[in-house]
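Chain naming follows the written order as A, B, C and D, and within any one chain the residues start at number 1.
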Amino acid sequence: MKNTATLLIACPDRKGLVAAIANFLYTYNANILHADQHQDDDAELFLMRVEWDLEGFALDMGAFDAAFAPIAERFGMDWKLKLSARRPRMAIFVSKYDHCLVDLLHRWHTGELACDIPLVIANHDDCRRLAEFYGIPFYVIPVTRDNKQDAEAQQRQLLAEHHVDFIVLARYMQVLSSEFTAAWPKRVINIHHSFLPAFDGAKPYHRAHERGVKLIGATSHYVTEVLDDGPIIEQDVTRISHRDTVDDLIQKGRDLERIVLSRAVRWHLDHRVLVYGNKTVVFD
Amino acid sequence: MKNTATLLIACPDRKGLVAAIANFLYTYNANILHADQHQDDDAELFLMRVEWDLEGFALDMGAFDAAFAPIAERFGMDWKLKLSARRPRMAIFVSKYDHCLVDLLHRWHTGELACDIPLVIANHDDCRRLAEFYGIPFYVIPVTRDNKQDAEAQQRQLLAEHHVDFIVLARYMQVLSSEFTAAWPKRVINIHHSFLPAFDGAKPYHRAHERGVKLIGATSHYVTEVLDDGPIIEQDVTRISHRDTVDDLIQKGRDLERIVLSRAVRWHLDHRVLVYGNKTVVFD
Amino acid sequence: MKNTATLLIACPDRKGLVAAIANFLYTYNANILHADQHQDDDAELFLMRVEWDLEGFALDMGAFDAAFAPIAERFGMDWKLKLSARRPRMAIFVSKYDHCLVDLLHRWHTGELACDIPLVIANHDDCRRLAEFYGIPFYVIPVTRDNKQDAEAQQRQLLAEHHVDFIVLARYMQVLSSEFTAAWPKRVINIHHSFLPAFDGAKPYHRAHERGVKLIGATSHYVTEVLDDGPIIEQDVTRISHRDTVDDLIQKGRDLERIVLSRAVRWHLDHRVLVYGNKTVVFD
Amino acid sequence: MKNTATLLIACPDRKGLVAAIANFLYTYNANILHADQHQDDDAELFLMRVEWDLEGFALDMGAFDAAFAPIAERFGMDWKLKLSARRPRMAIFVSKYDHCLVDLLHRWHTGELACDIPLVIANHDDCRRLAEFYGIPFYVIPVTRDNKQDAEAQQRQLLAEHHVDFIVLARYMQVLSSEFTAAWPKRVINIHHSFLPAFDGAKPYHRAHERGVKLIGATSHYVTEVLDDGPIIEQDVTRISHRDTVDDLIQKGRDLERIVLSRAVRWHLDHRVLVYGNKTVVFD
């Protein structure tokens, strides 16, 4: 894999933006690998992702911030720099269902997900053997109605100790407190087993069956303090029929959940996702 | 096209049902072309569709009701008989948008929809030229806040005069009164421009854009007195991206609406749709 | 899970078939759970699948063949009886790629695939740890240009010893000899990584990339002696773009292969697949 | 609609390309609306599409070529400039089937296709009434085994007289000669009723039915002198089952053909399609 840098930029849309960024990179002899931009006309916002090869790039990355600051200031940019050499550290939260976990761990194992997984945190012991098969430390922190605050404190302690960058809720069946989500903004990815905003909340497959819909869906989104309401990263659907029982929906839905969650995680890891307002841009 | 009869049956699930129906048909030498059945275990309901060739069928169809009555009674069947020789009479309601109308009329013209279309009823004059191109009488009945009751009376008068069997709302932008829908149960097919139950009601594309969903949908359903809540016949979705404006959604949605509505209408015409509770079975 | 019997029938289409079968089952008080039939008008063939609950069925299954023989004979039926109590025994063949294997084993582990897996046979050692994680005996039989006949003899010996009913080639990279495929007709399921008949043979993703197609596919089929030409059980596709390299196609293709193969295996296990000529009927 | 210019560029990949283009546009105060680029690593090619608002652009478009020439020369660019104010002139060729024609004309009528349609050329009279409903001149040039050369001469004469920019073959059932296709490179868009490269040539639906595929497709491509082999612009598929007869495939295929062809035409009109080698880039 190439040693690259990726710049994610959001700022008010103004003329000269692209030229300023392109010139800056050209000055240091960057070989641009991918560049993609988007203007949101309603929000008058300019959003950009540019990735370049660090081979031959004539600026030391330690000096990047200082060198780029004048441009960023001139255009009022909200920006982030991501280096491919710095592998993000991803924690996975699970409960009893293991279908998303098995999928994420296998993809990670084959190199499809370019990250480290320092730990899996669960509120049940069921998935331990699986995590350990892939050599990932597995921590059980039971959560009850009464100990939630305490359990979350333990979770956050573990996350800090393991220098976790972001969290994936792989069918983790507990709702995080607003304190938790506020402390991890745009850094917790959830999979919800419906085509949001339809069937938000509990038992979406049961409700889909009851309503008689002809397709079921799954939605991966960043977690905010409003349940199932955060910025959507990816969604997909699959066809069902009158022959499908609730159990059939659950089974078909597992495939959807796996695919949708894994896409969202991969795009997040590739620094393709830019959140603005309550929406995302997913750069190609 | 073959001269066929189709029997649609719903009744409590009991042993011997299939044998009773198959024997009845065999007695009269029926050549069964299609047979499909479904058991809804929750509702303990048996649902069946069977279609046979009338060529060589040894029972006069005028005598069918009397001959079948004993079986229907024994099993407590709710049943309907449909003869392919009797083409259903379909009325189309439109407003200004013509994309669903142009699609339905072309399909009808090519023989894809086996029905007669005695009239198009509109609340605006825009689609007149199109309807008349296909030789369909076009009636304009303006609807305002104040004349709704009167307008519906005129509509129902026209429907009665033209012996209409069912109505297709091809992006008709008026909500029918509950008197109207009660008078036409399971006989009014609507197309709603969202993936129901998400974005029911007004301006679904605007709301989909605002929510930042990654797919938009369309839903065809029978109209009941609760808006956008009737039994769903067909749904489909298409992928969108952050680049799509509301206008793009509207344009992409037009293709969805056409496809979804035309499938629902065709299945209705083929007597494939059986409504039970607030759901449908669509037999293959 | 219910204790059921499934009857799969193929025979020349004739009147009275459905009545004869329904009466037979009713005579023994069968509670029919699913029944589906299909007529192929070109081939003048009648194909049927009927599943019933054995609870309360008044015929001992040991006596079924004798009881059903007169009907089967009268209509010239090719028929099979499958009992849910008798779990099929499935062997999996693999090489180095483990993505289909990991998927099949996890589905089996969660109960989605109702079969026993007595062994995995590989021509490389790579997947051993995975198979053993799920407690499946793993045999390595290397295959070279020179030892193919001998290797297949060992494989067939193992299959016989383990009483295997059917084989799944989970990206097994060796072509089976025609002696092998002739000995296992309609009992070897393969996954080919293209939308057949496009790109049959070697390196389909490379050729898809070269041709500039906009969708890639995967096909699961029964193996016959003509490579990639057997009866198709299931196919699906996924969208790609000019941005996708061959490696991206390979990665996106893995998801397709898993989904398509697992559907084919599940339908085979549910006795939903009926082969006739070089085609399949997959009953709903 | 905005008054815009679009630049399509293909050239060897080199550093400084994006900066040079961005600076050039910024010099003249361009407001960039969309910019998208792609590097083909195998071909070492840089491909770009950039669209800007001409409102406030400080360079007269008559002087554009001279101003841009030095940059184009320096980087060895193959480039085209497209002005939204200059509506492309599209000819449609048809035979007897009208489903693609009715779709294209309706989209054109609603403003979805930003082009002029100076004429429809047919080898049968069947579609005359439809073309004339939309006010499009309709010319019939019969084509037989013997008069092909002469017929094409008449067609090309008409195209020249009407200043046609590109041609859409809307299920036109004649194969164009290689003289014709050579004279109209990358300017003839065809719809083929299969998922190419599967089932190229005649009767694809019949062959799909015979092979027992589970999905059928349609492909829109630029016409080259090799039949069904030109650069693919768009493809899509739809699911079929064993219940579908050849006639059902033909009917389901009509919907696919319409959708796929209309997308290809719209992208061509939006100057989103860049052909290189035997492939296309379709910019988002």
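As a convention for this text, a residue touches a chain if its C-beta (ideal position, glycine included) is under 8 Å from a C-beta of that chain, and two chains touch if they have at least 3 such contacts.
What you see is a predicted model, and the numbers here were worked out from it, not measured in a lab.
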Farthest-lying chain, centroid of Cα atoms versus that of chain B: A
Self-contact between copies chain B and chain D, residue sets same or different by half: same
Between chain B and chain A, distance of the C-alpha-averaged centres to the nearest whole Å: 42
Centre-to-centre distance between chain C and chain A (centres being mean Cα positions), rounded to whole Å: 36
Contacts with two or more other chains, residues of chain C listed in rising order: 241, 243, 284
Chain D contact footprint on chain C (complex, rising order): 38, 40-41, 195-199, 211-215, 217, 231-237, 241-243, 245, 277-282
Footprint of chain A on chain D - complex, ascending: 15-16, 18-19, 22-23, 25-26, 29-37, 39, 284
Interface residues, chain A side, partner chain C - complex: 98-99, 102, 106, 110, 112, 133, 241, 243, 251, 255, 259, 284
